[in-house]
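Look at the two complexes coming up: chain A is in both, with chain B in one and chain C in the other.
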Partner chain A sequence: MLAHQIGYYSLILGFFFSILIIPVSIKNFSNKNKVINNKVFSISFFQFFFVLVSFSGLILSFVNSDFGNETVFNNSHTTKPLLYKISGTWGNHEGSLLLWLLVLTLFIFIFLIKSNSQPKKYRILTLLFQQVIIIGFFLFLLKTSNPFNYFFPVPKEGLGLNPILQDPALAIHPPILYLGYVGSSIIFSSSLAAVVEKHISNVWAKHIKFWIFVSWIFLTFGIMLGSIWAYYELGWGGFWFWDPVENVSLMPWFCLTALLHCILVLEKKSMLSSWTIILSIATFMLSMSGTFLVRSGILNSVHTFANDPERGIFILIFLFILILFSLVIFFVFHKENDQKIVKINWLSKEASILFNNWFLMYFLSVVLIGTVYPIFLEVLSSKKISVGPPFYYKLIIPFLIPFLFFMSIGPNLNWIKSEIKKIKIQIVLSFAVSLLISFVILNQIGFVGLINSILILVTFYLFFITIKDFFLKKFKNYSQIFSHFGFSLLILSILFNSILSSEKIINLKVGEEFSFREETIIFESIESIKNKNYKSIVGNFKIKDKQNNFLQLKPELRIYNQPVMITSEADIKTTLYYDKFLVMNLVKDYEYFNVRYQVKPFMIWIWISTVILVIGGFLSLFQRSYEK
Partner chain B sequence: MKNKIILSVLVLFFTFCFIVLYKGLNNSNIYVPETKIEKTLIKFNSTDLYSENKISSDQIFVGSEYYVLNIWASWCVPCRAEHPKLIKLSENKSIKLIGLNYRDNPKNAKKFINEFGDPYFMIIKDNQGIISVDLGAIGVPETFIIDKDKKIIKRFLGSLTEKSLNEINLITK
Partner chain C sequence: MKLSSFLLIILITFNFTNLNSEENNDKIKNKISKNIRCLICQGQSVYDSQSDFAVSIKLIIDKKLNEGLNENEIYDFLKKQYGEWISYDPEFNKKTFILWILPILLFVIGGAIILRKFIVQKL
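Here is the complex of A and B:
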């Protein structure tokens, strides 16, 4: 009760400070001082502080199960474990928006402190643009999704949280993803401010690079956590379903990855400034559209259960105001310096970055069209369709080939211009090695189609080239080597995983067995176990292989009380070479069970390679400058 | 000049997107699982909230063209908002409105009815929540429309709205 009150009033106080910043910083903008007034810092700090207090108030309400609070009532229950009571805070609409706001106010405060080498006017302008976003979110929160609605009499029990969401990976997935999304808002405001102040230069690039990399790291990591959750919890045996809610996080990632390469060109060669600005704007707009699509209920997905159209309209209007606002700023203030237009030689580092940016934009548009096309179609012709994985495979996979190729040779080219004659023998040798290796592998596993074969070849090429760079290159850019290596490993694991996976689905009674390839799977018994907030039925399975080695797998069915819901927990045995995945479902009467058994090679390498990719990004934060 | 053309094309494009998305919001998709629709009502036994008499589903669903089964509870906040709609619905004479009181304390349930009015023809208890689960209900409130052959012909998740009232009246005309 107390925590609730404190939370509510500090949210209002925070809103007050976010308005107060505007006149104070405008006054500071026009005076002759070269530094930002301390007042601005302290108001920005208070803004963050009060949102933090408010957020803690909400967490406390969740921990104490204060069901007078509507958000707590709708999303919590006394029998839930503490960890999930806490993660319930951001597992719902109102709480997750408060978390957005918290990160927004934190990041702008850090930005103010960290940017003191930059011109004052540029910093204040960034702050002002950022405040527009922050105030927008405050209004949205207070008007349509107040997390502190109280009602009386206080109910004794809450409505519980979707049990599918009770998972450790999912408990931290949204906050990490939000750090990425919100980081892109700083990039957005600062690039607009830099356009207005004509500050787009290599100095600016050097300074904003930090934010780009930080957002990219969090976004990549957040997407990975979401995918791990889908694999372990949803029990469908896949890790990426091209579900609209997943696509929505992938779209800003394409943009941000392209931006990250542009900013390097801008820093070294003062080129691609328009690209940089447009990508900065687009990344944040895509993050916002993501929020809109997920939160408004416009998408037909299980994630969007019962929604309030008023919320959707608010975000939609806010989003389009921001888009128009940034378009106008871009077209009015941005003048590309005509004298400085340099012809880009096709055989240079910047050219391959540019090529791959186009490819990334192509991938982005494929995913964007696949996601929004059903909405447009429904409005314009009231037909309902959904775009499935084959659409994405067909349009993305072939174009990965040139993409991976440029990724391999690009880092080995010089800036400005390379001579064909001077291309090192090692690069050709790596190609020969990958040709040989992929030939041997394809011989082993059989023909997998022309495109897949070429894709395996170029991915191996990238793989060997990055290994060669790691050991032989003179000026090593560890960040680039690690992330490109991680990416090649990721594509290789995904490819072999999808080509070599095998599965069997069968209905079984206790005591029966079936054979699959060279293994026998025996369904020995079931037992039921009572837990705090659910009852579970555990199946005991034994898997016997050719050498008579035994492996125990125990898939589980959970029957939750609040709300009543049955989920199946797969049992997965992971080794470095493959995952064995077993999941069961009730057929009826508890007599027959539907059992699905899958062997999925190299599954763990998908996560390992993504971690390497992230480490690559992380290394760049410590890398001063790598080559001339 | 060139810039101005690009800008206006972009603005037009985004305006178009805005209009489409805005319209898309209005035919908002509330996700309704397809199962259980057009299915025959399960048989169950329950007790009457007031008389405490045991009663079976065969005794409840007799003598009317249509039945509306509404799952509610006194602790359920959306049910309070829904209640006036139910009162309005009870004016429709071609239906029998049956309340299924979900996991509730009978005292609170009676107090709730005293306070907000009684739209129901009959209120039956679902203390354990088993009937609701067997019906395939997902949350409270939830409403089923059942015809005289005991087929579930429509279900509404969440509170009834003005729109769903019209729909019910149309079906049961």
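Here is the complex of A and C:
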């Protein structure tokens, strides 16, 4: 009760401070001082501080199971383990918005501290633009989704958190993802401020690069966590479903990845300034519309947990205002300040980054159109269609081939111009090696289709080129080498995983067995175990291979008490070569279970390679300057 | 040239792995059920779901396979029964050509813009 009230009043205090920043910083903006007034720092700090207190208040209400709080009542239960009581704070609409707000206020405060070397007016303008977003979120929170609604009489018990959300990976997935989303808001405000202040330059590029990489790291990592969760909790061995909500997180990722490459050109060659700004604006807009699409309940998805038209309309209007606002600023203030329009050479780093952006924008448009088109079609002609994996595969996979090829060659080209003659022999040699390797592998596993074969070839090419760069290149850019290497490994693992996976689905009674390839799977027994907030039925399975080695797998069925729901927990045996994945399911009115057994090669490499990709991004934060 | 001759070699020298027919049948069944939406679920495919609806669709797929229908015929059959919404692979028709064409169109436009960057010498 106390925590609840502190939380509520802090939120209002925070709102007060966020309004207060505006007059104070406007005053500071127009005076002659070269530095930002300390008052601005302190108010910005208090803004963050009170939101933090408010958020902690909500967490405490969850921990104490204060069911008078409507949010806690709807999403928690006394028997839940502590971790999931805490993660329940952001496992719902109101709490997750409060978390958005918390990160927004934190980031702008860090921005103020970190941007010392930049002009004062630019910093204050960034702050002001950021405040527009923050105030928008405050209003949204207080008006339509207050996490601190209290009611009497206080209920004895809460409704509980959706059991599929009670999972360690999912406990940290939203905060990490939000750090990425919200990081893009700083890029957004800062690029608008830089446009107004005519500060778009290589100095600005160098400074904003930090925020681009930080957002990218969190976004990538956040998406990965979600995908890991989907793998062992949601899916039957799948890890990416092209579900609208997944797509929504992928869209800002494409945009941010494009921006991350584009900013290098701005930094080095002072080119592509307009394009950089457009990407900065677009990334944040995609993050925002992601929130809108998920929250409004328009999308048909496993992730949708709250739909309320009022909220949808609010975000839609807010989004519309922001877009209008940024477009006006862009067209009124932006003058192309690329000193001269230079011709770009085909064989140059700039050109390959342009290609990178070209393809990433294409992937983005495929995902965007694929996600949004069915919604529009239904509204306009009331015809329902589904756009799923086959659509995305058909439009994306063929284009991956040139994309990966440019990705291999690009980093080996010089800025401005490279001579064909000077392209080193190793580059050709790597290609020969990849040809050979792909040929041997394809010969082993059999024909996998023309496109897949070429894809394997170019991915190996990227793989070997990055290895070559790691050992032989003179000017080592570890960040780029790690990331590109990680990406090649990611594509390779996904490819071979999907080509070589095998599975068996069968109905089985206790005591029965079945054979699959060279293994025998024996369903030995079941036992029932009682836990704090669920009852579980554990199946004991033994897998016997050709050499009579045994492997024990124990998939589980959980019957949660609050809310009542049955989930199946797969048991996965992970090794470096493959995952063995076993899951069982109840079949209504029958005494047998539906059992699925899958062998999924290289599964763990999908996560390892993503981590390498992220490490590459992380390394860039410590790299003084990008090459030569 | 080198690439195309290499591909030719691949095509010729492949030794196709032989799957036994039962396993092959399972594979095709799973593939179909992954491309079919479970209409009563929240964004899950028939393959991913254990709902009554999904189970019955899986039985239908099984039955139709045994009757000798091929993959596309089964999609057509299901679309006829349950409407186009059930298929994750949208058709190319009057209502959906924008969906298929627009991304490609944007790709071409993007290419044209980039091409200009290479050609424009000075202003």
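We adopt the following convention: the second predicted complex is superposed on the first by the 618 of 628 C-alpha atoms of A that agree within 3 Å, B and C clash if a C-alpha of one lies under 4 Å from a C-alpha of the other, contacts with A are read in each partner's own complex, and residues count from 1 in each chain.
The rule is simple: a contact is a pair of C-beta atoms (placed from the backbone, for glycine too) under 8 Å apart; a residue touches a chain by one contact, two chains touch by 3 or more.
These numbers come from a predicted model, not from an experiment.
Undergrad: Is A:324 contacted by the first partner chain B, the second partner chain C, both or neither?
TA: First partner only, chain B.
Undergrad: Please work out whether A:316 is in contact with chain B alone, chain C alone, both, or neither, and reply first, second, both or neither.
TA: A:316: touches chain B, not chain C.
Undergrad: According to the contact criterion defined above, which of chain B and chain C contacts more residues of chain A?
TA: Of chain B and chain C, more residues of chain A lie in contact with C.
Undergrad: Going by the contact rule set out at the top, does A:391 touch chain B (first), chain C (second), both, or neither?
TA: Touch partner of A:391: chain C, not chain B.
Undergrad: After superposition on the shared chain, which partner residues are touched by A:369: those of chain B (first), chain C (second), both, or neither?
TA: A:369 contacts chain C only, not chain B.
Undergrad: Which partner does A:361 contact after superposing on A: first (chain B), second (chain C), both, neither?
TA: second
Undergrad: Check the residue A:454 against both partner chains and state whether it touches chain B (first), chain C (second), both, or neither.
TA: second
Undergrad: With the touch criterion stated at the top, can you tell me which chain A residues are shared between the chain B interface and the chain C interface?
TA: In the superposed arrangement, which is not itself an observed complex, chain A uses residues 299-302, 304 for both chain B and chain C.
Undergrad: Across the complex, what residues on chain A touch chain C?
TA: Residue positions touching the partner: 234-236, 238, 241, 243-244, 299-302, 304, 340-341, 343-346, 351, 354-355, 358, 361-362, 365-366, 369-370, 373, 377, 381, 383-391, 395, 399, 435, 439, 442-443, 445-447, 450, 453-454, 502-505, 585-588, 594.
Undergrad: Could you pull out which chain C residues touch chain A in their complex?
TA: 6-7, 9-11, 13-17, 23, 26, 30, 34-35, 37, 42-45, 47-48, 50, 52, 55, 83-90, 95-96, 98-100, 102-104, 106-107, 110-111, 114, 117-123
Undergrad: What residues of chain A sit close enough to touch chain B in their complex?
TA: Spelled out, the residues of chain A in touch with chain B are 70, 73, 151, 155-157, 159, 292, 296-302, 304-307, 309, 312-313, 316, 320, 323-324, 327-328, 331, 375-376, 378-380, 563-564.
Undergrad: Taking the complex as given, what residues does chain B use to touch chain A?
TA: 3-4, 6-7, 10-11, 14, 18, 20-31, 75, 77, 129, 132-133, 138-139, 157-158
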